[in-house]
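The following pair of complexes shares a single chain, chain A, combined with chain B in the former and chain C in the latter.
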Partner chain A sequence: MLELRSLTAGYDRRAPVVRDVNLTVAPGESVGLLGPSGCGKSTLARVAALLHRPDRGQVVIDGEPAHGWRHRAPRSQRTAFGVVFQQPRLAADPRLTLTQLIAEPLRATGRAAEVTDRVRELARTVGLGEDLLGRRPHEVSDGQLQRACLARALVLRPRWLICDEMTAMLDASTTAALVTAVENYRADSGAGLLAVGHDKVLLERWCDRTVHWDELTRA
Partner chain B sequence: MADAPTASAAEADVSWRSAASRSGRAVVGARKPSRSTRAWRVWSSAAIVTAVVLAVLIVPPLADLDEQAVHLADKLLPPSLEHPFGTDDVGRDLLLRCVYGLRVSLLVGVVAAVVATVIGTAVGALAAASGGWVDRLVMRLVDVFSSVPHLLLGIFIVAMFRPGVWPVVISVALTHWLSTARIVRAEVLSLRSRPYVDAAISGGASRWRVTVRHLLPGVLPQAGLAAVLMVPHAIWHESALSFLGLGLPTHQASLGTLVQGARSSLLAGDWWPTLFPGLFIIVPTLAIAGLAGAWRDRINPRRRSELML
Partner chain C sequence: MTGPSTGTDAVTGPSTEADAVTDPSASEAAAGVEAASDAAAAAGGAAPDAVPVLSVRGLSVRFRMRGGAHVAAVTDARFELAAGECLALVGESGCGKSVLASALLGLLPENAETAGSAFLADGTDLLTADERTLARTVRGRRVGLVPQSPAAHLTPVRTVRSQLEETLRELTGVRRPELRKAGEAAAERAAFPLGHLDRYPHELSGGLAQRAATALALIGDAPLLLADEPTTGLDRELVDRTVDELRRHVGDDRALLMITHDLAAAERIADRVAVMYASRIVEIADAADFFGEPGPRHPYARGLLNALPEREFTPIPGMPPELSALPEGCAFAARCERADEACRSVPALPLSGAACHHPVAPALEAPRA
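On to the complex of A and B.
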């Protein structure tokens, strides 16, 4: 169970972006969070992934409250989340090849031995050709790069996936491919999903339930 | 009347700048040096730097000449075929002493610049990557250090040791890492807020790994450029310390001690012992700065502009 309890967060304590939000995602459940641009849903996603410290409130992961954020969070808690960001260009270190990009979490957690097998397997899962794996981010398209970013998010087999406007910059076929890859992974692993976006049609078809930002803040 | 030569000297001194900035009216969109001018500058700088490095590396070991050899009979000879730069007041060949002096100055300049850059990068990266009170404390210390004029601080440091090459290196390195630390900190702060750092944290990367894998490689071009720009500055600093009698011992040739030793003969009207070491300070440092400027233009084409010294 991933529980966000009365979270207040933002970048200025006097004017928080997220005010007193409650949201629960059950294991294996997929929740779509709908909201207009700039309402704070990305901030909420960052808080949920332990990447941004909230001003007030609690994030409870499988009954265990999070006490630290970013580097202060224990590694096991941080890696329980696979995060896919809106803009693949900004979310990929320009100096790494796609293979290195996908393998980076494995290396960071001391599992370099698995790199070759996992990268090949994931490249197939997200539909990346082998010939693309040696390229750097500027040599591939946005869609291809976002596939690599999804592969990176899946490489540690997270229990929770957080997709922050994952498909906002992509065309319909890439969107379908990525959503299918996420759903296949969830069917295998039983991971929960928090998908943030503004595309009502997509989220309603993709997720078990969708929540509108207004309902969250009013509840 | 007295002002006229000074003004023209200043004019000549900055002749490598574009006409717009020389007249003090540099504006956005002002005429920039043409492509061929820039290429010419880069190539001439590269040629000078290559010649200097070769001279410094090859002449001392190959030519079995003693730059300390005194020939009192030949003292203060003007430039001639036998002594292209003339001789000094105890009859030592000035060309040879200039080459040996440049060797010491370059060594000091390069080593001090590298050490200063390493210190600056480490401090700047530490401050920015840690954030919070570590950042505030470290950067306030940097402010405190930079509030002391660095020549003064340098003099204080060399004064603690016997004269020699390494005290000068230490003195220059310990007083010149501040600007690099600021540059690196600013750069790391901007990189640190990129989503790929978020992604790395979410992937379980430690603070150390994020810094070494993602942040430092991003600042290396800036830090390398700062190091190269620091070399001429360090050479000037060494010359200044030696000129003041605080750097190298006076018998050892360095560009600073050469200019210092030549002062008495300059008053007697003998210009060559001052002119040639002076040129040896100015020309190679301008060439190094020229190359650094070209490098900066490459990594940041939008700021294609003046050399910054």
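On to the complex of A and C.
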């Protein structure tokens, strides 16, 4: 269970972006969070992924409240999340090859030995050709880079996936391919999903249930 | 593949009274390059009132890479844009759409080689015009650009208001004290909230940054507007508002080339749709036929539509080929269920229709009125 309890968060304590929001995602459930641009849904996604410390409220991961955020989060909690952001270019270190990019979480957690096998397996899962793996981000398209970013999010086999506008930059076919890859992973692993976005048609097709930002802030 | 996304603001040239749509552009062209006026005679000699706003013929862009390799980003593109028309260029990421836009603005990097021509109505060939002409009379004035990544397009150290006012000063000659009001009017045109005018780009959400960039692009009232993914990161309601504003800008005497992967946005405003795949335009069709009945004729275009969540939501199998290693013949053949021997040769693109040896047959019922 991923529980967000009366979260208030933002970048200025006097003017929080997210006010008193409650949201629960059950294990294996996929929840689509819909909202207009600039409403604060990305901030909420960052808080849920332990990437931004809320001003008030609690994030409870499988019964255990989170105490640290970003690098202060305990590894067991940090690695429970896989996050895919909207803009792959901003989410990828330009100095790394795609192989290194996908393998980075393994190296960071001392599991470098698994790199070769996992990267090859994941490249297949997300539909990246072997010839692309040696390239750096500037040598691939947005769609290809986002596939690599999804592979990176899956490499530690997270229990929770947070997709923040994962497909907003992508064409219809790549969108369908990435959503299929996420759903295959979830069917296989039982991971829960919080997909944030503004495309109602997409999220309703993709997720078990969708909530609108207004419902969250009213409740 | 990212085109250059900086240096596109055309606000560096001397201020000219280029806001009127009629004469100044022509006189500027004459003052700009003499070579262009010959081309003008050639391109516009026959029927002066039917000159398209943009006429692209045989446009190819290749990038020279290290080791003598080449990346063919655009191959033999041909299309025309009439006044009052909106053409949507759609296709998968990395197919060369953005490079095409960069080529039209002379914003390609050093290692690019271009071929073909792209004439504006006044006869300026965008591919051969020199940097001075492009910077002083084309960008922002005759060709407006709504960029792909507004975050990179906006100047990070200046507020949105200051950038709008600078562009207004340079392109329309508005001076204080009217400038403040004009800036706010320009912001409103693109639905940019006035309360955010004094913010810096990093303080804006993706949607607001996009609207700021759109507002900047609309200021010059250019006869040709290039919108490179103008709706990325916007929610549906804002997408509709943004594209409606672009459409409104087109009116009767301007033209819009909208590069997008958002098929819903294309359907909303486009008159015609051009589908690009692996550097080639593979289908040009009337938007109503394309999105409605009889639907796209190229198997790739069909697959793209079927990938939409409101349709079948199934991806096209496989990945597009690398632009550095395009196959002989039809580039889609490897992913196409209709492919056979004939697909070893590149199919030609008819003026309207699909570049395919085995196009999906048009529906048998009579064409719609």
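Here is the rule we go by: the second predicted complex is superposed on the first by the 219 of 219 C-alpha atoms of A that agree within 3 Å, B and C clash if a C-alpha of one lies under 4 Å from a C-alpha of the other, contacts with A are read in each partner's own complex, and residues count from 1 in each chain.
Basically, contacts are C-beta pairs under 8 Å (C-beta built on N, C-alpha and C of every residue); 3 or more make two chains touch, one makes a residue touch a chain.
None of these values were measured; they are calculated from a predicted model.
When both complexes are superposed on chain A, chain B and chain C fit side by side without a clash.
In the superposed model, A:Arg95 lies in contact with chain B only, and not with chain C.
Once the two complexes are overlaid on the shared chain, A:Ala15 sits clear of chain B and of chain C alike. In the superposition on chain A, A:Phe85 makes contact with chain B only, not with chain C.
Of the two partner chains, chain C is the only one that A:Lys200 touches; chain B does not reach it. Counting the residues of chain A touched by each of chain B and chain C gives the higher count for C.
When both complexes are overlaid on chain A, the residue A:Thr180 reaches chain C alone and has no touch with chain B.
Of the two partner chains placed around the shared chain by superposition, neither chain B nor chain C is touched by A:Ala113.
Remark: least CA distance from chain B to chain C after fitting both complexes onto chain A is 8 Å. In the superposition on chain A, none of the residues of chain A is touched both by chain B in one structure and by chain C in the other.
Note for the complex: chain B touches chain A at residues 194-196, 198-207, 209-210, 213-214, 217-218. The residues of chain A lying in touch with chain C in their complex are 35-38, 86, 89, 127, 129, 131, 138, 140-144, 165, 168-177, 179-180, 198-202, 204-206. Contact residues of chain C toward chain A in the complex are 1-2, 90-94, 149, 205-208, 229, 232-238, 261, 263, 303-305, 307-310, 313-316, 319, 322.
Of all residues in chain A, only 46, 49-51, 70-71, 75, 78-79, 81-83, 85, 87, 90-93, 95, 104-105, 108-109, 149, 152-153, 155-156 touch chain B in the complex they form.
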